[in-house]
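In what comes next, chain A is part of two complexes: it sits with chain B in the first one and with chain C in the second one.
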Partner chain A sequence: MPPPNDLSVIGRRQPRLDGAEKCSGRSVFADDVDLPGMLCGKILRSPHAHARILKIDTSKAEALPGVKAVITAAHAKGMMGGRRGAEPVFADDLVTYKGREIAAIAALDERTAEKALQLIEVEYEELPPVLIMRHALQAGAPLVQADKPGNIWSDNIDSYGEPEQAFDTADLVFEEKFSTSVTHNLFAEFHVAVVDFTLPNKLTLWTPTQTGLLMQHALGPAFGLSVSQVQIIHLNTGGAFSGRGGVRPHHYIAALLSRKTQRPVKIFAAGDEEFLVCRALGENDYRMRIAVNKDGTIKAVDMDAHMDGGAFPSEVGYFGWMAGLCNSWVFPLQGNRLRRRVVMTNTRPHFLPHGGMMLTSNAAIMQLCTKIARSLGRDPIDFLRQNAIEAGHHGLSGEVFASCGLKECLDIVRRESGWDQKYGKLPDYHGIGVGIGAMASGAKGAFKHDTSAALVKIGEDGIVTLYTGIPDMGQGTHTTMAMITAEVLGIRADQVRVVAGDTDLTPIDVGAFAQRGTVQTGNAVKNAALDARGQLARNAAAQLGADEDQLVFRGGKIYAAGNPDKCLDFARVVYGTLHSGEGRFTMGRGFYNSPLKIKTTSWSFGAQVAEVRIDPETGVVSVLRVTVAHDVGRVINPLACEGQIDGQVFSAMSQLLYEEVLSDEGMYLNPSRLEYKMPRTYEMPEISHHFVETVDPYGPFGAKEIGEGIVVTTGGAIAAAVFDALGGQYIHKVPMSPWRILRAVRARERSAVA
Partner chain B sequence: MAKHMMTLTVNGDVYELMVSDNQTLLDVIRDTIRLKGTKRGCTTGACGVCCVNNAKGEAVLSCITHALEWDGESITTIEGLEANGELDAIQKAFIEFGAVQCGFCTPGVIMSAKAIVNKYPEPTEEQMNAGLAGVLCRCTGHVKVKEAVRQDHELREAARHAAAK
Partner chain C sequence: MLLPDHQYVTTNSLKECLRLLAESREKAMVVGGGTDVIFNMRLKLFQPDVAVSIRKLDELQQVEELTNGGLRIGAGARLADLAEHPAINDRYPAFAESVRAVASTHIRNMATLGGNICLHTRCAYTNNSEEWRKGLNSCFKTEGKICHVIQTSSRCLAINNADTPLALIILGAVLTLQSAGGSREVPIAEFYTNDGMDNTVLRPDELLTHITIPPVSDRTAFLKLAPRQGMDFATVAVAARCDGTGEKVSKVSIVVGSISTNPIILHEPSRIVSEQGLGDEAISAAVDSIRDELGPLTNLFSRASYKRQMANVLVRRVLVALRES
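And now, the complex of A and B:
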């Protein structure tokens, strides 16, 4: 795709600017940080899911040569970790899940720390645990937390529009139940924290994260420090997939150990420990109802969800809200009702999988939509297209969809997937399905502000340095930000150096979550670059005898519009601005906070078609091809956008068909990357990428997100394809593992015989 | 823990090392020689981020390999692919074709890819799939990784022609 005429950088295939570092072993990740005198930290975890701690004796561990500190809840009195500060850093007297932090060691080396862990004597009184959400809801079930009767953490109903009236008056109502399993986000880089807290007024933490700011806000108060006294360094983050949105007990524990020993401490969670530290999806049960008229109009959706939040549920209910709300981002509903009951169990605290709860809820909705289309004798793409929203639509909860290419996406995937030649014409156990989805960009509401800020410094040699706090977990945001800067200043992206990943160096940024990078940080960076450009324009306009607002910055030159022959060299203008009587140094600043009151300014939209084949002997689902069309507003970097699509198709397929943490009596049975399955190379489908550019009025150069919009839609498309391959049978549980598919295959065979 | 002297050649440099019975090749690379490009992941041979190449150019998972078994041997790590200040063709292909995202698994993926092209200069789809199956990569799903591996041969040929001229 050639770049649009008025843009010279945006729209080009730009390889990552940090590619050479990452491909040569130069990139430093948190585990590569090796500080003088650094100790190894290890955490003792509870073997019981529910127990009272009667006694902890650490004297033998403390006496072991090489052990520098042993800490327990007694050393972290009143210190609350976790999101929303609900989770004490160590179990005090009560253990509420297997793997709970009981004590921690700092020792000279890993082997000594491991040995010391075994010398800590803990006396437990085991209590009956409640390990499964269904059991937690039974009358008389043991309580996870004494002040939460019925193990209900929260119970919220939100009703938008007129759902009751829509259901009462609709011609047809379709209803099904679906459920999900426990997962892990499975990023490449394991959980790790390196802390230097050897001076009383400065805590430095090296760790992979999606947000330095939230970590500063959590750790500062816990240790009596202000936000700026906490420095988070996260230059490279080895994947996140919604799993690195906050601070975890091991971060606090590393800081406690460092403070106590007066030496830097590293805690690295490898092997099965990693599955206990992680906070991903828990078991969710959804009852989905859709009201529809015979003419195919979808009138309302009603989601009633029970969500297992584990021992400390934090914001699970909020993500459940998104999982229901997102239906009104694609359908112009008359009513949308969402009930979320967050349930507590004696299991790992749950949080978010890649794509949030929206991936699995969309897998349910798209199976239902396929069913409805079949029941009405309609083609599923026609049916979805009839119901798809358009630009200018006003949503039920105050949304205004300023740009929307949903119908165009549907048209593209119909054409590019060969849908008309395939749908309804494929052999048995070979299916094709369509999914649609939308994704909001922005986190307003999570905080009062949703601010990103940026600085653009231009050295006297014309080299531009961009300071941004947005983490790059692989999505390529730093390169995107360099491209935006380069576009504004009319230079090449590789002339921009990005300084990021260190809260001491960079201005504020809420973080790389809620799909806010390209839109929110992108606008901040654009504003900073425009500020710098304005400073240069003053000088250049005087030299060219033109008005400042008439100037064009392009190809390393500055000229008056319509007169490119009379031009100034960008670097010379920068030099001249400094080396003058005024001695002005060029430094632009900018920030962005959504002008709207609602959560977000813009939504990406997408449609996908997936084709699958099921082996009726084994139940294995092979995904053959996925055709993706995504309304990304404006493609800033096609190479990165394609990469985002590939990875998200992989992730959605993985979550939908493979990923499940199995457990027995609260003990994880497959906590390793060998047994917790993801697709391997030979299981990947063919993927085709198509972009729709709707040029959103709020996005930088019209861009919208491509972070999680894909993953949600792929989940829907593959689920619909499996439904089709099984001749219109639901799979009610994610992941759609071979044995679950096989059960549906057998049921189908039995009904055929009967 | 008994310690033993051993000799290990890493990226052409010869190291005389005192190594414990229980140290892995990964421990020696990262903690003794202090080359941090090779990553520590699962430490159980499941994720593949610790992959290095042996003298024959084959992939080796350094986290489940006893260091002492490598006395007198020679290995190549990600840092050893550059020659004369220039990246190897496979590294260039990874950058140009977008085969790197978060970068944590990248050293392991590149050393696995290198082992593939060492054995099969023009690998088939099956050879690539088999050679890359040992390294997990959620960011890319290996789609663009395979594009880069395919390009390696062409970049190498182009460089050879350029040198001949």
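And now, the complex of A and C:
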């Protein structure tokens, strides 16, 4: 049953407030920033995967007219980058991956910088590299880091509930191995940093990012500045997909160059350099085991993963943990065991793709679930529904799922996809599959707090300005925040202007990751708007002769509940509040911090059915249709939610079927948009969007995330559909490229003959 | 990635253009639509002293009807215009199909037919930036003496990835190559060499000016398989032609592209179907005989074994398409 809707802005189809600006090319991105006297920075990168630097001679480059500075590790002593401060900004004496930063130049223009780069002379002693995770694990393999024996960066086992007992007592155990390939997030806006560090106590950085705050936290200490002395301007961020979670060497380098030259410096990744700068998925090998009883009860899941973290693994292990943990967000397990060994190789440091490791792990789990359902003679949707958690469920690692519409989602996709007419009845090489998934809306843990704050200022004309630090990287969060503000104040969303993306102007916000935006920042914005409303309510209540808490703000009017005819104009109340004896200027403040110690309050849940057709001669998989039902708590903006679905279905299809960085001896062979095969609009399936509104008790107006819950679920659904199209055959490797599919087709043909 | 230092000259007459090419020879590079040549200059794969644009040469942009029913197409004609040209679609549907198969609408709006025919070979080991290539030893393309694709090869194995030449070969098109010194006609089937470095017989002082397609009443077909629909080079592409109707034929020609340094004209498979007709069995026999003619498959951008299988699939499909047309 839909929730009673007494809302006037939320739930309406609101076009992006910055849509016209974006479409007409007026939005400013970091690369558009052009400061007086700005220099062009370029980075010299190692052509070797593993080498000792014997000598660097920069004298010829320095002598080139137009070159203003040349720096190397000697200029960045002790400066550590990376998410956990594990990665020196420049290679000092040892190079551990191709593309590693060796030196950098600031010159008057790009041409001079390019020329100067060619003039730096570096003498290397090449060392044997380990380029593939399998090789890194072999006895006697060269070590990436001398103090990491066996190239193991970390090895963690987490056990929740009683996994051993569950596996021992279960009727059946299913086990399968899966693996993933190296990827790139391939956002529209390549990596770029513009830094002005010409005053000793002020560093300003323009860059696309998912978090201004974490960048302040990293850059401040590195340059002897406090957090507020570092200003991050992330005007617009051209896509992120989990790939812009933190500071990278080029940010530090731009700052070093700016400080040294006393001029602003811009560094941008050119073409194939982008593939070395980015931090996305590395190779992962999973062994998945599922324990079930004959009655269809899933008892436990056990994931054993090897994850290639590259030369500086940072937090790969944490994301592996999420990839195992999330199984207990959809199934009421008796036990969940997850082991992650993070392995080092002489390759680009890896991080995570859109959907984290959850997309590929879910692709594995949903193939397995389809297999189990088939083995038990069960319909896969029935089987998942039997095992789906419900609201009120307590998870094994302490989660409490306050709202959950997973079963309703399954019912919707069964009906809307025509599942009952199709499953088991489609012709050969035509498949249908179901996937389920869940996603945390915010995951407290990076700091003691997970705070977002917001300010609302109301001009005397009634126009509202909202100040928020949440980055908009295409997901449309700024429009969402304007809608929340407008709902509280009873005005239209387009009467709210959003000021964002500048840490000097906006209050704290941890950032746009871990799907925290709508819930954490949304609550902060709601609180700020409520604060402002309270100030106006005092004035309005007096004029209306009503109680403050009886007032309704709606449609630009303020009135007492039940008496809309006797109303005040919102803008006039604002005007009157200022033009009064008190002279009050209305400004609301608010912040929100999750009431939990760690983790999350709210999860989104979803089910999807995908239909695919395989060409058994070419191995090409066409995704025909994806039916999506998602419990987002409350739909704030249907347009944005549908857009999130379309984008994530695309991304999941792309990652699952297409994306792979190919390499030979550590050289990336396809570092371009042309050769890194992402599908295009032609490949888009038909999508139908359905929402379940469970009105979460924590989210603003009951809303939960819609940032990655979809992509993870689509991954499962498409994988299950491919499995079905192949007559119940696993595809063990992502991406499921045509040649891999073809191998499975051949295997199937052979077994049919035998 | 900036363009290397060079002079960009827009020539205003064919004569001026040919004179400039005669003077500059190896130091010049013709720019048609520039969709390939400019990008390769950014990668510093091409570093011409003079880039000679032919965009203003009106005489190279015409499509002329010949009295014999054929067409004479200027090398500077844009692919976007050719894709929609009524006479081309009417008389040479397989060629029209191959034109539409090139890249994307945006690129076809710029690209010329001459540029597609003269397109340089491509290689996963070289078609990246100069900085990127520093991680590799020099190969034939970069003044070295090895080929990264097959280390023991004595020549460059980069692939010819162009689409329209396949259709033009089966149509028996003839290329007009002009230089300041004169003009010669070369059948497109004889235009390509098997050296990835120097993959056509075009001399540095020559310009491809026209493409003449004779009248053809045979059945023709063109098929392309690429990882994505649109904006993608072929994994494999094929074009084929036959006379007769239904399964009955006496002369079939088949050409396969994007798997080698040059388009490969398949002799044995063509002979088999020419003699036995386009029945399923004959087609299977023809497909089975492809392997020997493909030569070493250059493992580029996609796996060699996959390419090989796809060549078989596409040849089968193109023969079936002929039968059914």
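FYI, the second predicted complex is superposed on the first by the 749 of 754 C-alpha atoms of A that agree within 3 Å, B and C clash if a C-alpha of one lies under 4 Å from a C-alpha of the other, contacts with A are read in each partner's own complex, and residues count from 1 in each chain.
Following the convention adopted for this analysis, a contact is a pair of C-beta atoms (placed from the backbone, for glycine too) under 8 Å apart; a residue touches a chain by one contact, two chains touch by 3 or more.
Here the structure is a predicted model, which means the values were calculated and not measured.
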Partner chain(s) touched by A:E189 [first = chain B, second = chain C, both, neither]: first
Contact breadth on chain A, by residue count: chain C or chain B: B
Partner chain(s) touched by A:E176 [first = chain B, second = chain C, both, neither]: neither
Which of chain B and chain C A:Y658 touches, first, second, both or neither: second
Which of chain B and chain C A:G271 touches, first, second, both or neither: both
First, second, both or neither for A:P738, with chain B first and chain C second: second
Touching partner for A:P47 - first (chain B), second (chain C), both, neither: second
Which superposed partner A:L669 touches (first chain B, second chain C, both, neither): second
Partner chain(s) touched by A:D411 [first = chain B, second = chain C, both, neither]: neither
First, second, both or neither for A:E114, with chain B first and chain C second: second
Contacts on chain A seen with chain B and repeated with chain C across the two complexes: 111, 270-271, 672, 674, 678-680, 682
Of all residues in chain A, those that touch chain B in their complex: 13, 15-16, 18-29, 31-32, 34, 111, 186-190, 236-239, 241, 268, 270-271, 274, 473-476, 639-640, 642-643, 646-647, 649-651, 654, 672-674, 678-682, 684, 687
Touch list for chain A against partner chain C, complex: 45, 47-48, 98, 110-111, 114, 117, 270-273, 617-619, 658, 662, 664, 666-667, 669-672, 674-675, 677-680, 682-683, 738-739, 742
Chain B residues within the chain A interface of the complex: 1, 22, 34-47, 49, 77-79, 81-82, 87, 91, 94-98, 100-107, 110, 126, 128-130, 132-133, 136-144, 146
Of all residues in chain C, those that touch chain A in their complex: 1-2, 42, 124-125, 127-129, 131-132, 134-136, 148, 225, 227-233, 301-303, 305-306, 309-310, 313
